[in-house]
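Same chain, two partners: chain A is paired with chain B first, then with chain C.
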Partner chain A sequence: MKESRLMLIQYATAVAAVALVSVHLIMQGVIYPYATAISFNNILSVYKNGFYAIFLEALLVVVLVHGFNGVRIILQEIRQTKPWSQMVDAGTVVAIIVTVAYGTRTVILAVFGAVSPA
Partner chain B sequence: MAVGEQKAKNRRGIRAWLNPYHYNAERWAYFFQRVTGVAILAYVLGHLGDTSFFVGGPTGAGPSESAWKFIGSIFENSFGHLILILVVLVLFFHGVNGVRLVLAEFGLILQKPSAIEYPYKPRSLGHGQRALIYVGIAIAVAAAVWAFLVLFEGMG
Partner chain C sequence: MTHVKLTVQRFDPFRDAKPRMVEYAIPPREGMTVLDALLYARDYLDHSIALRFSCRQASCGSCGMKINGRPRLACYTQVAELGGDKVVAQPMDNFAIIKDLVTDLESFFARHKEMMPHLIRADTGEMENPSAEYLMKPEELEKMLQFTYCIKCGLCTSSCPTVATDPDFPGPQALAQAYRYAMDPRDEGGEKRLELVDGTHGVWRCHFAGSCSYVCPKGVDPALGIQLLKRHVMSGKAPHEEGAKVFAASVPQK
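Right, the complex of A and B next:
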């Protein structure tokens, strides 16, 4: 993909992340007191709400794409040889896939998994 | 500056942005944008790990209250809350400064460029975009104070 397009993705995910992270933080310390927000039953009810589960998945993808693409941009500035550039690009794609998969697993299990007793 | 010296200066790579000394506010903002970005990504990866304990951790199969209590016993303390306050501080700076960068990238907060004259200050960098740097710092500090009140004083 062209570098200019990757930068556009960086800016688009930045704007999306500002909106999504703001809502996430408001959920943690404004709408609910922090102790309530991180209680097991509250989080379970949040995940069981389909809208918020999709919201968390979107947050996960946007933040990880923005974060790893940002690291990619920094690493591309270290040197400009083709092997290095290709290695950094490939590493970024792998890192995004692995971390999004792990985070998605949490969301899916939280939504559909059977609840274990305390 | 000799040609060789200039070439060496242009090839400093990561060391160049790690040393913003002698540069202007925009260069310091650039430095902090990158440092805070890497720090936030490190936090996000840790957060991915700790939130996975809601479903029992890497080997879990569904929501587990005991695993969630276990991970809470490690991170829900004064040290963990201090880390969260620092995360809020850098997150808000990164966010507001990032919006400034997006606006600047699309030319929305830049002045008309003009001839370079002594004392060689970049005239296209208007007061508005520089003010946004300080607004970002102010919002970050205010958000960190809010986080302190939420985490240590039970507000929210």
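Right, the complex of A and C next:
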């Protein structure tokens, strides 16, 4: 993929992350008091709301893509060899896939009630 | 002020293990530039000082060096404007030192050349034997005019933090020139240049520190050129892809 496409993804996810993280923080810290919001049972109940489950999945993807792509950019500047460049690119793709898959697994388990309340 | 304390960084890679600072006392005179002081030191105090210079009027870009910590042209910097009697002359950063204040600009010019700093057109016959004068509108000229003032002194590249850490980054001078030619309404090679700079170590590695624009002695704003270049790279369209065709059609016939 061209670097300009990767940078477009970086900018788009940055804008999306600002919006999503803002809504997330408002919901977790303002609408619900913070201490209540992070209780295990409350978190599980949040996933029962289909809209919020999709919202959290979107937040997961946006933040991970933005974060790992950002790390990729920093690592690309450290060395200039082709093997290093390819390794960093491949590592970024793997890291995104693995972490998104693991996060999605958590979301799915919570949505379908596979995690028991405390 | 009885004397100007001129400190010169001396280093011969074939003889010295590390650079050393040598101080010279220069009798001041009105309007004395740092280049004048250096030439006085070389002519009357130490013939072995190596420095590069030519035009003495900020046109050739040969005497770029770090003066009191900031990249400047020695011929364009008066001792009086430095605000004291101490002048420290060092070679430009981000370039290998050939000797003392002379740096190796080979990679710098190679980067410049990579950007194809010339007009590219399909009608080579017309280019070699133009049938009429090639005219352009003032507003078209304005988009690229400041970038044509570049004298290739290397000061912008020596001040660039990205060049310092990423040797494959083309640098502000080369990227600003890529923009300059891509914006030329007579040019049809914009797309090639956009592809050239759209790599892992290309235009996107500019973090917009802006030091290149800060140190340019000719008032060019390479940082601006790079950001504008990014916009065209992002859209994937050369600024004059269509414009050049229109321009070619508008060339008045004899």
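Going forward, the second predicted complex is superposed on the first by the 113 of 118 C-alpha atoms of A that agree within 3 Å, B and C clash if a C-alpha of one lies under 4 Å from a C-alpha of the other, contacts with A are read in each partner's own complex, and residues count from 1 in each chain.
Heads up, the rule we're going with is that a residue touches a chain if its C-beta (ideal position, glycine included) is under 8 Å from a C-beta of that chain, and two chains touch if they have at least 3 such contacts.
Remember, predicted model here, so these are calculated numbers, not experimental data.
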item	value
Chain C versus chain B on the shared chain A, clash or fit after superposition	clash
Contacts of A:E3 with chain B and chain C, given as first, second, both or neither	second
Partner chain(s) touched by A:Y102 [first = chain B, second = chain C, both, neither]	first
Broader residue contact with chain A after superposition on the shared chain, chain B or chain C	B
Contacts of A:Q76 with chain B and chain C, given as first, second, both or neither	second
Chain B versus chain C as contact partner of A:V115, first or second or both or neither	first
When the two complexes are fitted on chain A, the stretch of chain B hitting chain C, from 62-70, 116-124 or 134-142	116-124
Intersection of chain A interface sets (partners chain B, chain C)	7, 77-78
Residue numbers on chain A that touch chain C, as the complex places them	2-4, 7-8, 73, 76-78, 80, 85
Residue ranges of chain A touching chain B (in the complex, touch as defined)	7, 11, 14-15, 17-18, 21, 25, 28-30, 32-35, 37-38, 40, 43-44, 47, 60, 63-64, 67-68, 70-71, 74, 77-79, 99, 102-103, 105-106, 109-110, 112-118
Chain B residues within the chain A interface of the complex	13-14, 17, 34, 37-38, 40-41, 44-45, 48, 51-52, 54-56, 60-69, 72, 76, 88, 91, 95, 98-99, 101-102, 105, 146-147, 150-151, 154-156
Chain A partner contacts - residues on chain C that touch it in the complex	162, 165-168, 198-202, 204-205, 233-234, 236
